[in-house]
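Each of the next two complexes has chain A plus one other chain: chain B in the first, chain C in the second.
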Partner chain A sequence: MSDALKQSLDLSMFWEYRAILLQGLIFNVLVFLCAASVALSVGLGAALLRINRLWPMRLIGTLHVEIFRNAPDYIMLVWVHFVLPLLIGIAIRRRVEFHPFTSAVIALGFVYSGYFAEGFRAGIQAIPQGNLDAGRSFGMSERLILWRIILPQVVRRMLPEALNLFVSMFKATTIVSLIAVPDLMYNVSMVIQQEMRPLPLYTGAAITYFLLIFLLSVGVRHFGERWRRTSMA
Partner chain B sequence: MSIARAARESAPIFMSQVLSQVPNEAPSQVLSEVPSIRVAGIHKRFGPLEVLRGVSFDVPRGSVVSVIGASGSGKSTLLRCVNHLEPPDAGEIYIEGEPLGARVDARGNRKARSLAEINAMRRELGVVFQQFNLWPHMTVLGNVIEAPIRVRKLPRKEAVAYGEECLRRVRMIDKANEYPARLSGGQQQRAAIARALAMRPKAMLFDEATSSLDPELTDEVLGVMRELAADGTTMIVVTHEMSFAREVSDRVIFLHQGLVEEEGPPGDVFGAPKSERLQQFLSKYRKQ
Partner chain C sequence: MGNWERLVWNQRDVLLAGLSITVQVCAIAFLVAILGGLALCLVRLYVRPLRWLAVLLIEFFRDTPIFVQLMWVAYVWPEVFGFPNDFFNAGWLALGLQSSGYLAETFRAGIEAVPRGQRDAAFSAGLSPVQTFRRIVMPQVVLASAPSIVNQFTVIVKSSTLVSVITVPDLMSQSQKLVNVWYEPIEILTATAAIYITFIFLVSACGKLLADRLRLRYGLVAA
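So, the complex of A and B:
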């Protein structure tokens, strides 16, 4: 075995810095949770626009989906962090700066909102009209029908696809180090600059990400599927 | 067109106006004369197709009115108009004298109701659909208590107690915790009837409730409907089950091309049909 390979598999260095690396990982999780909330709520909003009765609303919804679904998250992140504050600054004639964490949440949240919007839209349109007729016939308001009849079914239908999206989203949180959010990758590079030993640190980071995402998605799939199957048409 | 029908269509009596003119001391006598549901001159058009061309009839409280007619005669559209799932283009529905789609103020001016007001009126009518339309993500009991809790704002405990009573009535209490996907069509339809009953509606509307069921499953649903009729439930029943209509109804309405072609007590309509169209329609069923 070559020395380089041995070095790359020796994870004691990774373990040595576990405190700072764990702190970074917590940032990944925080960015993920906040961006996921943004993606879900903005995505639902865009989906409702896309199925609105009025065509200007539908146009706005479609533009939203097309713009954000077709923008690379890497570029969106840089654009939101460096260009968007400039534009806002010009508009309100004041210097604006985004905290890196804020930029990361906005960029990832909006990019993935495009995907979630399509999932929501397809899920909503797949619900039989009769389900809605039944709700209306009992005097349920459109709002009540959305929250009690449509969305619970949409969530069940979307779950497998949503899980995939969440996995890619969590992986995408690794690029936030680019704009100096102190996440796991950012801290790994800091340690590498000190220790000059990239191999064990990168390997450790890879294994950490893999284990975390793998275990979480297996868990969600296991419990989610059982819940989904018992209560779907 | 008969003179009586022409008169009914052109001048429906607005019961709320009648009521407001009646002195306060004798409301019970007047109320008993107010039909539970009055269908007055309903027109409905889908693009160039005029599906309903002025349909009027009364459903007195505690009575069963069956609507029969060939496919495409407007039966289902009529029922959907009765609770404004399809707002009628002209005409009005009255529920115990109150117009469903409009309000009449003290001066007698009509004002269209908002969607929220129509929703509030709709809950007085329990609808049973051809395709059951149970909500698949809720258990049978969940389906039954949903609207009483969310719309009627009943406390959960009360809704469950009454929901279970309704499920007992349709003999579905042992399936209360099942999801609809695990039930047969007949069981789903009985659960849907319980769901409608749980709202304590003033009247029940059945839209071809047995048409999508296998023949061996229709009887269990018709049995439940028969019991409801015997208990004095006000019902409008759109149906293809002629023997059921004959046996259970107080009045039968034959719809043809969006108009009431003939109506009367079941003995007359089935025993001595006057119009040629009804005779033709019934002979098709006799052959079967």
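So, the complex of A and C:
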């Protein structure tokens, strides 16, 4: 038993494969960056739909938020990778296939867009009507009001919460290995198949992710507290 | 519609068997999460010499992705600790441990929110520390953290899809088996996604209702 413990804490094998594992980690970051931009833009779109004057628009926005906030990210990942291309193929009568990376970005981006949409909506609705009236009386267009008056305030209000969401999103990128995106966990399982030694490799992966995300979330927590103290009164 | 009947409705026994495993895994994991979270939180607050260990465990459970933790518990723990001995146990254990870290922090926030004066009052009325905790502190913590506890349960259900990776025959795994038999993923996977989304929606809607009821009835905590 203590032999197994020694084996799993002996990380020299994990260190030996550092180049390929680091490459995997870069894929995690890439998926995260792309999915985060999808989540932010789709989330903003859904939030604007939810506060639209027309009820069918509001219904679509609400459905979007409720579906994606209640969906497990793994089933969405599998659905986007295996079902969505078939549906698109039927629609345009041609064979379509998604690269695993594309599926990962779409799935994670849409799942998290539901959470971001709620943040955006709460932020937008907290803005006093007077701000909008003032903008209009200056002759600003709706678009300009959105970019110059609404979004700066929304960003300031939702930044701490959004950073937390980004951290959970980065954690969620580990599941993209399941559709063969060559991220850290994927490379770990490849090396395990080669070396037949799961103990040090899984332990190493767990410790790596822990250190990385621990540092990230400590940073986020600190930043969030300072942000609340200085920018909100 | 013929496809839906053939691939989904006629396979309902297979899918329901999977759903029942999903519910079992989630229920045990939820229990583990609540007990483990309470234990971690109490150690962190009241057992000085072991505080560092509780903090380390809480942070480790919270800051490691669930998929990584699941693989780690499923493949490393049996060799090192001799437990869990099968993948079903590994599944609920990993899910429970991760959520216990989150719940520990929720409980801690709830306990720290109880004003000091109430504890002093309880002491001066002759209540023992255990009585004070059970009668004065705990009810307020439960009320204050009810929404977060429900939310954590939905997180467990969402993460439970991953136990299919370690071959636990849950709903996700059963539907993937069906896909591999029929090679027609559209209906099966869409139905599976719909089942999960509806299930989680219902859980969180009922949970919200229950939490609001509790608060209205015992209205101690401002929402």
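Rule of thumb we're sticking to: the second predicted complex is superposed on the first by the 215 of 233 C-alpha atoms of A that agree within 3 Å, B and C clash if a C-alpha of one lies under 4 Å from a C-alpha of the other, contacts with A are read in each partner's own complex, and residues count from 1 in each chain.
Basically, a residue touches a chain if its C-beta (ideal position, glycine included) is under 8 Å from a C-beta of that chain, and two chains touch if they have at least 3 such contacts.
Note that the structure is a prediction, hence the values are computed from the model and not measured.
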Once the two structures are overlaid on chain A, check if chain B and chain C clash or fit side by side.
fit
In the superposed arrangement, which partner chain does A:F82 touch: chain B (first), chain C (second), both, or neither?
second
From chain A, separation angle of chain B and chain C (C-alpha centres, steps of 10 degrees)
110
Determine, under the contact definition given at the top, whether A:Y74 touches first (chain B), second (chain C), both, or neither.
second
Chain A residues touched - chain C or chain B, whichever exceeds
C
For A:K171 in the superposed arrangement: first (chain B), second (chain C), both or neither?
second
Kindly classify A:F210 by the partners it touches after superposition: chain B alone (first), chain C alone (second), both, or neither?
second
Tell me the contact category for A:P56 with respect to chain B and chain C: first, second, both or neither.
neither
Once you lay one complex on the other using chain A, what is the shortest C-alpha distance from chain B to chain C, in Å?
27
Over in the complex, which chain C residues touch chain A? Could you list them?
59-60, 62-69, 71-72, 75-76, 79-82, 154, 157-162, 164-165, 172, 176, 179, 185-186, 189-190, 192-193, 196-197, 200-201, 204
Can you list the residues on chain A that touch chain C in the complex?
1, 4-5, 7-8, 66-67, 70-76, 78-79, 82-83, 86-87, 171-172, 174-175, 177-178, 185, 198-199, 202-203, 205-206, 209-210, 213-214, 217
Of chain B, residues touching chain A in the complex
83, 85, 115-116, 119-123, 125-127, 129, 131-138, 146-147, 150-151, 179-181, 192, 195-196, 199
In their shared complex, chain B is touched by residues of chain A numbered 128, 130-131, 133-142, 144, 148-149, 152-153, 156, 230-233
